[in-house]
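We call the chains A, B, C, D and E, going by the order they appear; numbering starts again at 1 in every chain.
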Amino acid sequence: MLLRIMKNNFLFSIGIIVCSLWIVIALVAPLITPYNYLAQDLAHRFQAPSSLHWFGTDSIGRDVFSRVLMGSRISLIAGLATIILASFVGMIYGGIAGYIGGLTDEIMMRISEMVMAFPGIILAMTIAAALGPSLYNTLLAMAIIWWPNYARVMRSMVIANKENEYVEAAKSLGASHFRIFFNEILPNSVGPVLVLATLDFGNAILLFSGLSFLGLGSPPPTPEWGAMVADGVLNFNYWWIGTFPGLAILTMAVGTNFIGDSLRDFLDPRLRKEL
Amino acid sequence: MSDDIGQDDLLRINNLNVQFRTSEGVFRAVRDVSISVRSGETLGIVGESGSGKSVTALSIMNLVPNPPGETSGEIIFNQQNLRELSLEEVRKIRGNEIAMIFQEPMTSLNPIHTCGKQIMEPLLLHKGFSKKEAKARALELLKMVGIPIPEQRFKEYPHQLSGGMRQRVMIAMALACRPKLLLADEPTTALDVTIQAQIMELLKNLRQEIDSAIIMITHDLGIITEMCDRVVVMYAGQVVESGPLKELIREPLHPYTEGLLRSIPTITKEKQRLHTIEGTVPSPFEMPFGCSFQPRCNYSTSNCSEQAPDLIHVSPDRAVRCWRQVNELGQDNRRVEHGR
Amino acid sequence: MEDNVLVQVQNLKMYFQSESSFSFNKKYIKAVDDVSFELFKGETFGLVGESGCGKSTLGRTILGLYKPNAGKVIFEGEDIVSLKNNRMKDMRKKMQLIFQDPSASLNPRKTIENILNEPFHIHNVGSKVERKAKIKELMNRVGLSEYHLSRYPHEMSGGQKQRVGIARALTLNPKLIICDEPVSALDVSIQAQVINLLEDLQKEYDLTYLFISHNLSVVHHICNRVGVMYLGKLVETGSHADIYHNTQHPYAKALISAIPNTDPDLQKERILLKGDVPSPANPPSGCRFHTRCPEVTELCSQAEPLLKEVFPGHFVACHGVE
Amino acid sequence: GGSKDAATKPEGSDGTKQLIMALDPDYETFDPGLAYEVYALLVLHPVYDTLMQFEDNLDAPIDGIAESHEVSKDGLTYTFKLHKGVKFASGNPLSAQDVKWSVERSINLKGNGAFLTDGIKSIETPDQNTVVFNLKEQDASFLTKLTYNAFGVIDSKLAMENGATNAADASTSDKAKLWFDTHSAGSGPYVIESYTPKVEVVLARNKNYWGEAPYYDKVVLKAISDPGTQLMMLEKGDIDIAFNLGPEHVKQIQNKPGIEIKKAQSMTLTFLLMNRDPKVGGPIANPDVQKAIRLALDYRGMQTIAGEGSITPVAPFQVGFLGTLPPRDPKTAQDIEKAKELMKKAGYEKGFKTTLEVATLAVEGMDLPTLAQKIQNDLLQIGIETEIKTSDIMVALDPYRKGTQALSLWYWGPDYPDPNTQLAFLPGNPVGLRANWTAEMNPKLVELGKKAAVEVDKAARIKNLEDIQKMMDEDSAFDVLLQHARHYATRDNIKGTDYIDLYKINLKNVSAK
Amino acid sequence: MGLLKYIARRLFFLVFLVIGVSLVVFVISHSVPSDPVLANLSQRNIDNPEMVEAFKAKWGMDKPLYTQYFIYVGNLVQGDLGTSIRTQRPVLDDLQDYFPATIELAIFSIIIAIIFGMLFGIISAIKRNSAMDQLIRGISVLGVSVPSFWLGLMFLLLFYVHFGIAPGPGRISPYLKPPVEVTHLYVIDALLAGNWSLARDALWHLLLPGLVLGSFTMGLITRTTRSSLLEVMSLDFIRTARAKGLTEKMIIMRHALGNALIPVVTVIGIGFGNLLGGMVLVETIFAWPGIGQYAYKAAGNLDFPAIIGVSILISINYVVINLLVDILYGILDPRVRYH
């Protein structure tokens, strides 16, 4: 299937290539970085890109290229962790709300709407400011911002599936709520949520980099792309410090979004026929 | 080749083929279909779901989506081959000389325009009516299709109407330009029994009033019996039998038609065990070799699974696609292209 | 009460709330409103009526899938409306449901074998071997082969799926099967196969059917007795002959006359009804049919007619019928 | 700027001369009784006259609105004669009562700067032009303290009309704060014309000013937090002064025409806190380890990061204050071998792991977390593995003040320009206690500190301070890393923009060349 | 009538929302290890217990938590959002100062995003699978993928520093005086004052941040317009329209677009909400004196009255925008009736 889509879709192919590249880089990063990403060399700080330092060096003489490569790991992990955490919470929450329905559903959905209305980034900043910025706190904050999306999708899926006759069939056979929920409804509802989660990966990476740009990620000297761009803003006149990590975020997000965009098209049954 | 076709044919479809290129592969939804309709006549097309009835109707209007659909053959309407006309010319015929009523009244109307506006549209487009004239005519049409308080319905949106009302609006819209040919693709299947009766009655009455030919697509033999002059039976993309209504019902020639007729419970028949056609319609990707109906056929012989039968005339008005008939007719068989 | 009564439905009412729970003035859809009738052992009772008149709701309420607002459903002498969970679960074995849409009624993610195993799992009956044997037997009985067991629903045709649905309904040896439009989604040629199968199974397993359909020809073919519903109410019940040849209620008459007729020589008079079915959320006063009735009188809009026995076993709810 | 060519920056529509300065301000109020932020005096100094003031340097305060002053023999009574005929911007005459009212208001408002008034016993106004302060005890820095806005002279009549009060319960009954934010009631050369938080403060010429009129009609202080942006705008000529530049920024514009780069010694220190409490600091609490750390650090590298002009004092006493020793020689200050020996002596030959806490902010254009990474790097050489923990300054302050940080990076600006303010670092004193460096741990040093606080004789004071520094070089819970340089830049057609730590730039003095 | 009832219901939710949001921030704020007292008193004063007591009393921090919350809600009901610990000004005043800048930028960028997003989406759907379509889809994906803080930096570097064709950060050129505030939206205020050059300057300053901020929403709108239009084009009533003999252009303009825009409206609502969230980053880069920067500072200072204030403001905004979207929905789609 993959190949067939790829053949017909230029953007999708690019996405696949870019993403695979980043995943490979993340896997083998320590082996291919030309320098230790932590090694400081104050004698050679702020070196412009050259054959020695492809992306130049930063304010304490570290090799930006090596740091960008290493940074792919954190970005991927952060994106993955957020999505997993948020979709897990969202699925359970939305599933319960949708299944029980009625007033419970109404109240639960109002609460999730409230979380959605809540300015997420401010929430994240507050949490980070309060608990101290760290990867865990940031991921936690992101998951808190993110789960209602999944809850909503899950809920509507569950509500739609709840009406299905096979659920009624199970009911008429005397199946318990537990069994109905986990055996009949859940397996048929998680698909779209998981798809949404995959498509959301790029957005999670973006949000994470935004937060780490604000200084809310893991502490230095972790090579976080967002934080590196912030360093670039601080050292405005050395364009390479911020440009390359920014490009890294961009390419990773573009890659996942190209895939997501094409998949979205592909998964839409009305559009699929013609792909 | 076919010499017995009268010049009074309003529409003649010759060797229509439609195939779809899908992700699972290519399949032929309509195979070598030839049909003709005289003006003023009502032709019924019956057949199982997926047998290509709608696609045939759509290809008359050149509405088969392309891609994935690929159409070939001749569609001669009013002495013009519609397939050779430019899109612009086809558009002038659509909605004007040929109109169509669709199966789903719920989704076939645009939800964000009022019914009146949608009825007026073809009038403004094809007849060059002024807005005022168009409105007057639209109200007239609404009255004609039996909608009470047309002035109010005119202003309402489709969702404010019941299914039966919507189907009436669809009919009014189709009849707006007094088309010469009306294609009705299962116009009543989505409706309730009593409403279905209303619509059928309406169509019957209108048929006399508007004097257009009608192609009535349905899988309900009852509707065919009540409405049609002639019947075409389709199976797996092919015409398997055609003929005048009464003859065909009394004396079906194709085993499929026969099975179909016998398997329907009716209230006039005595209660007895229903006749069945065993098996299921073949998947379009796995068409059986030879005759498409052969795996389900009680009379099938080795010949049937080896070679596909042609559509042959058994009388000037009747044609059938079956080896049994071929064998009975012996050497006399003639290949025809028009299901008469 | 006669011994051969399997189910007795008494004054059953099932209302749905139409608005969300936050709104102030709640509206009710009276899907089933004060319906009483009986099902006899081994018979097929047909339930006909237009879309939305409450046929499915009635069937499901009898099964206990909905909690009725009022009324009783007495199954073999026991009112199942008041049953507690465990007893209800046992009761479930005796009643089953076959659905209209064969694709929607099978979980797309389970193989046919899993689907058929489900009832055993839920009720924890039979050993693995027994289950397997029973499933095989049923598959054969409904005309499917064993190799279908490992398939998924989407790999089967509509008729085959409906057969699986029927097999599932039979696994626990029920006494009553409610068939909710079991053939209306099927193609004409397949329809007959399924109808024949249902008839055979009835004889073989001594089943009672509540057969819901809006196809009056099918009901005519399969049913011993028929009930005609209109807007949540039962307007006429009686034997097959009563309903088809001695029709009393004007609505039932219209319904029967509306059946398209497959004999080209037969020209019959059709009773056309005015307008559409009113919404069950606010049904007309008096007789609910009075807005469309060709034989309407003044009384009809004021008083609600009760279901009266006009002939032995033939009940009609109409002011115009004595 | 008035003299700027019109092509790059048009004049105000009416031809007024205006100075535009970009900075990353921290001011939150312009109520002289409450303001105590770093940049407060930049705005308030040209608006409110004080009895004493600094002109170009911080050597010794000179008379401000006081014509002359006298200190009694016992050092407890200060008498000030005011200039005659001074009027507030409102036109109200300025009298001794206004001075007394203003100071009393500051005392009673209990704002952040109120501690400067702590030593005052009473204030008397024998006549319209005389103010007398009676102190509780001798205070060598009292005149310096008088330069602060807590002593700024407010037009009491106008202020009271707008809800101000000097009553004892002023901290709750005074309602003038919001008024003061967008208005002023001073006698300085400028008045506050408008204040849009986060955007700008506009100062306009005081038409009733008693002294020599300033050059500019208007001074606009633009809030632009990002140094890169400040730099860009300066290059474009959109602003006249870009005040918050890092050392790296100025490098970029070194040879650009039309720009003058300014560099000055700031009084801000960056230091490493090493806790003395083993319960908090673990191995860090060992004095030998602390000394090892002091020897292990690469001061030259740190100065590179902090930028040209930064130095490393020996102890927490700024170069530029009375009695401060010459700074360390960065070339020889690092001695890894000796440091390793000390580690061995302390029993940590194999090193250990610890956390280095740092607030996320920039000190004089230098990013503290960047410096932390340098320290992390250096400490690795003697086997100390550190994990950096960053947090917002406001969050980090909590454990810092409670003394629960093992190893942390901090900065310090003097409360007032006098070495006495630095005595806080001594054991048993407030900052010392943040490292749990108690008085018992070094009684000798405590003794010296006590003497320094009351010593009035200049030579003795210098000797005393030098002793303290030498002792702290040997044994201290703090390692002073840097005394920063301040980098900023101006368009080259203006003058009077020299740095003075108290005011940053004395806006009264800025004019076109 | 139905609409009014619907609005009343949303407003009822608003009350619930405000209470919820304030409660959440309140709980976070008081369960954190840090202390706003420490954050906002000078080092000297921290050591002075009397000062600390005075400070706590002033901000009501000496009372038990629930009392503090009830006091807060009590004030809230009277429209009093409390006083910012950091700026010592009423939070409401602060918000009034900062919010217009944010709104001005948000409106500008949403307009850009809507215009270009819909245009691109329509073109892309009509020319499905063409090179043009791929290009536009590429751009829209780029739009949703580009980190705004980085794009802002790049824009400034390129257009302001390097080429000098775009204005620098801030709402207006530094040497200009802000217009007399009527609406607090500079462009409009300048126009009201008849000051054309100022209006142009303000508008010009909106360009870069507006583009940066709007890029995400634009991508989103493009994507939605495209897929929604494609979806609508496959619906039955389009076939009906074809059967009537309409030209493709007429079909798109009269039948498809109206229906296709309905989901786009929702996305615009979401996009607007996103804008306000993304403000923190963009405002930081462009020195934009808006609510984002205010919130950033407030969070850093644990200035909880301010954080609650901002959160409530943005939440209300979210609800109001959604309400507007829903109303617009009802206008575009006659099927939607608010019971």
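Here is the rule we go by: a residue touches a chain if its C-beta (ideal position, glycine included) is under 8 Å from a C-beta of that chain, and two chains touch if they have at least 3 such contacts.
Fair warning: this is a prediction, and the values are worked out from it, not measured in the lab.
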{"item": "Chains contacting each of subunit A and subunit B, listed by label", "value": "C, E"}
{"item": "Given subunit A and subunit D, the chains that contact each of them", "value": "E"}
{"item": "Chain of greatest Cα-centre distance to subunit C", "value": "D"}
{"item": "Pair with more cross-chain C-beta pairs in contact, given A-C and B-C", "value": "B-C"}
{"item": "Whole-Å separation of chain centres (CA-atom averages), subunit C against subunit D", "value": "87"}
{"item": "Approximate Å spacing (C-alpha centroids) for the pair subunit D, subunit E", "value": "38"}
{"item": "Between subunit B and subunit E, centroid-to-centroid distance (C-alpha), Å", "value": "55"}
{"item": "Computed distance of Cα centres, subunit D from subunit B, in Å", "value": "91"}
{"item": "Junction residues of subunit C, two or more chains touched", "value": "22"}
{"item": "Shared-contact residues (touching 2 or more other chains) in subunit B", "value": "none"}
{"item": "Junction residues of subunit E - those touching two or more other chains", "value": "33-34, 284-285, 299-300, 302"}
{"item": "Subunit E-touching residues of subunit B, taken from the complex the two chains share", "value": "61, 63, 91-96, 99-100, 102, 104, 107-113, 121-122, 125-126, 157, 159, 170, 173"}
{"item": "Residue ranges of subunit E touching subunit B (in the complex, touch as defined)", "value": "235-237, 239-247, 254-255, 258-259, 332-335"}
{"item": "Parts of subunit B lying in touch with subunit C, wherever the complex brings them together", "value": "48-49, 148, 162-165, 192-198, 200-201, 219-223, 225-226, 245-246, 249-250, 259-261, 263-268, 271, 273-278, 280-281"}
{"item": "Complex interface listing, subunit E residues touching subunit D", "value": "33-36, 38-48, 50-51, 54, 58, 86-90, 93-94, 97-98, 156, 160-161, 164, 168-171, 173-175, 177-178, 284-285, 287, 289, 293-294, 299-302"}
{"item": "For the subunit A and subunit E complex, residues of the former touching the latter", "value": "10-11, 110-111, 113-114, 116-123, 125-131, 202-203, 206, 209-210, 213-214, 226, 229-230, 232-233, 236, 239, 242-243, 246, 249-250, 253-254, 256-258, 261, 264-265, 268, 270-271"}
